[in-house]
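What follows is a pair of complexes built around chain A, which joins chain B in one and chain C in the other.
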Partner chain A sequence: MKIAARLLWLAAAIFALAAPLFLERGSLNDLWNLAFAVILASAWNLLGGFAGQVSLGYSAFLGIGAYTTVLLSLKDVNPFVTLPLGALLAAVFSVVIGLPAFRLRGPYFTIATIGVAEAVRVCASTVEFTGGSSGVRMPAASFDFNTNYFAMIALAIVTVALAAWVKNSAFGVALAAIKQDIDAAEAVGVNSTRFKLAAHALSAAIVGVAGGLYAIDFQYIAPASVFDFRLSLSIVLMPIIGGVGTVAGPLFGALIVNTLQIKLLSMPALRDSFLFVYGGLLIVVMLFEPQGFVGVGRRLRRLVHA
Partner chain B sequence: MTSVLLNTLLAAGLYATMAYGLAIIYGVMRIINLAHAGVMMLGAYVAFALFTRFALDPFVSLVVVAPLFFLFGVVLYAAIGRRVAGAGATPSIESLLVLFGVWLVLQNFAYVIWTGDTQSILTAYTMKSIKVLGVRLGVPSVFVFLASVASLVFLNVLLKRTYLGKAIRAVTQNRDAALLYGVNANRISAVAFGLGSAFAGVAGAMLATLMAFTPDFGRSFLLKAFCIIVLGGMESVTGVAVGALVLAALENGLAAWTPVPTSLQDAVSFALLFVALVAFPQGLPGLFARFERRSAIR
Partner chain C sequence: MLEVRRLSKRFGGLLALSSVSFDVGEGDVFGIIGPNGAGKTTLFSCLVGALRPTSGQVRFRGERIDRLSNPAVVKRGIVRTHQIVRPFRAMSVTENVAVAAYFGAGRRRGADAERRVRDVLERTALADVSGASAATLTIGQLKRLEIARALATEPRVICLDEVMGGLNPAEIVGAMNLIRAIRDSGVTVLMIEHHVHAVVGVSNRILVLNFGETIAEGAPQEVLRNPAVVAAYLGDDVRTEGD
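On to the complex of A and B.
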């Protein structure tokens, strides 16, 4: 089973990397979108899933990454060189926010993150260097689909591999302890703040890089697009639907949400029912199967074996 | 100076109305009700529908909106709230996420019925203003203030003078002890959810007379309401009023006396929410209590 699962992961990675050889541009675009979703979902899961700290403010990190890339590219820096800096800035911001915010527990932390992300969005729409509501455009001729495709796929693979490694490392065990009972974790010597900060910074850095790649691909960003609350929403939704706190969950969640999105968009009657579906899924999952798709799979397996 | 004071007072009335709904539900059930934003938004649209269909004045329609949303809240409690109501002292993340889902569904509901276009309620007095103490005040905001005061007086009488109110306060203070004394906590929770929704609906309907709205409307007011109840110490009745005053004073003071642009005003209240959560989790009452204790020791 373990080996089969590993081979499956490897096959998926190889398929995604080799896809440009046999798929046309439209399908590659879908794969690009899926990889982007997988990155955001898996990165969020590092803090939200493994450590149980549900943040609704991840759009801030995405926006920071995206703006770092665009603004530096406009100063003639190679866009791909800007990615590490975007990651660093997002990570620094996550620490600045996390230091005070991690004193809060559970839902209070969640509310605080909404407040921060919304404050960032409002500020970004007001200050001048973000282009305000009209946004900013990448310099012309800074885009090559293949390079961007490989970069996105590679980041997705690295993120999932990192999540798998974290899950089984001492770091992951500490995060799991914090999730289960923060007082007990502290009592046995886990410095909860430090681990939460580390997980927050790691996931923020990944989301920052993804934001940079997003900007390179879309060529145009505005506060209303990269700091949008709906972005934070879908970042949270995917791992929860797929199975929060597992390595495979965010991947399934990204797949489910992405497929739904494409299907809904292709049906004119249902084009405006995203939120029904998202909200409905969120309610159903939280009420009946908090482990999401992965939990349903486990139940089915138990049924088959019993 | 008088103009800032008067505007603060007017805004505080509305703020308190929208924050009380959140505070009651939190107090009785330890649920952070993110659907509050959705209910406020629906309140605005129901007032809009009553106004356009039946030419019902938005302030008269409050008489319809309040009971309607009370029922809505009770149904919502029976369908969803009941399953996520926390028994412990701290709210659960599950309840927050479930009610977040409810908010999304409500938003989509409004999109389907009223589309995403910006709507507004224009009455004969929308653009009128009156002079109070030499300050020009918009007629709608004066009406909103009066209606807010009326609903707050109603809530106060309900909480302080009736058995139901006593039961609500008892469950807020200690659910288990209230159960031991024979309070039907489940029914009280349903009533509290209904009351919370009614207040949200009324607040939304009143907001609709002051500004244009879309189905996405409500988020910034939800955050402001949170800011207020955090400042107010989460479950104290006077605390909410104080929190509302503080937030309104800050916003109006910033607008009048500092060069901070109005577009940044929301960012200030969101930042205040963060600061309040982190710096004084017990709210302003807790802060004062700490000062008193300190001076008592000296």
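On to the complex of A and C.
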């Protein structure tokens, strides 16, 4: 089973990397979108799933990465060179928020993250150097689809591999203990603040890079696009639907949400109903299978073996 | 080894601990008794850094530890168990203990941590259920799991908070033997316990708290004969059962 699962992961990675050889541009775009979603969902899952700290403020990190890339590119820096800096800034910002916010627990932490992300959005729409609410555009001729495609796929692979490594490491054990009982974890020596900050910074850095790649691809960003609260919501939705706290869950969640979105957007009658559908899906998952799609899979496997 | 000086803890209008002082020597089994609400668990919380004392000092091997966080105190070698058991319910028994082996004073990894976990599970008679989910254990096993996790952090001082609560007489004898074995392995023991005879049986010193204040401290038999202790806590029947 273990080996079969690994081969499946490997096949998916090779398929995504080799896709430009046999798929046309439209399908590659869909794959690009899927990889983007997988990155956001898996990165969020490091803190939200493994450590149980539900943040609704991840648009802040995406926006910081995106703005870093655009603003520096306008100063003639190669866009891909700006990515590590975007990651660093997002990580630093995650620590700055995390230090006070991690003193809060459960829903109070979640509410604080919403507040911070909204504050960042308002700031970005107000201050001058970000171009205000009308946003900023990348310099002309800074886009090459293939480079961006490979970069996004590579980041998705690295993120999922990193999640798998974290889950099986001592770091992952600490996060699991924090999720289950933070006081009991502290009582046996787990420095919960440090591990929460580390998970937050790691996921923020990944989302920051994804934000930079998003900016390179879309060529134009504005506070209403990259700092949108609905973006933060859908980042949370994917791992929950797929299976929170698992490695494969965010991938399935991204696949389900992405497919649904494409289907819904292509049906004029249902265009505007996708938030309604997501909400319903979320309620069904929370009521019947908190482990999401992965949990359903486990149940089926038990049925087959029983 | 452990010096507690004028330790107080206030929760709003309630003085849970009022200027408590005592010394624990290396190799002691130091019993702490007192009625419900006497401040016993609060005392443990202050010792390990889970609560910050309002005033007073705690020194461990000469170093002040009353401003340290709980994990920092654990890494220096003082650990506590929880009266109301707090297992990581989604983990197996082995995984529960492994967390402590990873992040306790020993900071073990890999095969080294596995050895430590196996050793602790043997000593606490949990080896047979090592693969079971912590959610499926009996209360006696959960109490031992609390002790096992604490031991896996490799403490010099272990604070046991009512590890005999809810156990049957046979299990209490087992728990007393386990506490003696922990002491014999070189770990100093502080224990909160309601079973007075069990405390007297294993402790060499006893502290009695009532309403956050020390009402007696000393050798077990001496403390049990103290009229203030008898009046506050033990009742007349103990005097007749006495020695």
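Just so we're on the same page, the second predicted complex is superposed on the first by the 306 of 306 C-alpha atoms of A that agree within 3 Å, B and C clash if a C-alpha of one lies under 4 Å from a C-alpha of the other, contacts with A are read in each partner's own complex, and residues count from 1 in each chain.
FYI, a residue touches a chain if its C-beta (ideal position, glycine included) is under 8 Å from a C-beta of that chain, and two chains touch if they have at least 3 such contacts.
Computed from a predicted model, the values in this text were never measured in an experiment.
A.B. asks: If you stack the two complexes on chain A, which partner ends up touching A:183: first (chain B), second (chain C), both, or neither?
C.D. replies: Touch partner of A:183: chain C, not chain B.
A.B. asks: Please work out whether A:118 is in contact with chain B alone, chain C alone, both, or neither, and reply first, second, both or neither.
C.D. replies: The answer is first: A:118 touches chain B but not chain C.
A.B. asks: Quick check for you: in the superposed arrangement, does A:128 touch first (chain B), second (chain C), both or neither?
C.D. replies: So A:128 meets neither chain B nor chain C here.
A.B. asks: Would you check which partner chain A:110 touches, where first means chain B only, second means chain C only, and both and neither mean what they say?
C.D. replies: First partner only.
A.B. asks: Counting touched residues of chain A, say whether chain B or chain C comes out ahead.
C.D. replies: B
A.B. asks: Mind working out whether A:173 is in touch with chain B, chain C, both or neither, as first, second, both or neither?
C.D. replies: The answer is second: A:173 touches chain C but not chain B.
A.B. asks: List the residues on chain C that touch chain A in their complex, please.
C.D. replies: 48, 50, 69-72, 74-75, 79-80, 82, 86-91, 95, 98-100, 102-105, 109, 149-150, 152-153
A.B. asks: Using the touch rule from the top, collect the residues of chain B that touch chain A in their complex.
C.D. replies: Chain B reaches chain A through residues 32, 80, 83-84, 90-98, 100-109, 111-112, 219-220, 223, 226-227, 261, 263-264, 266-267, 270-271, 273-274, 277-278, 281.
A.B. asks: Could you list, by residue number, the parts of chain A that touch chain B in their complex?
C.D. replies: So the residues of chain A in touch with chain B come to 52, 54, 56, 100-101, 103-108, 110-112, 114-116, 118-119, 122-123, 125-126, 229, 233, 240, 272-276, 278-283, 286-287, 290.
A.B. asks: With touch defined as at the start, can you tell me which chain A residues reach chain C in the complex?
C.D. replies: Against chain C, the touching part of chain A is residues 170, 173-174, 176-177, 180-181, 183-192.
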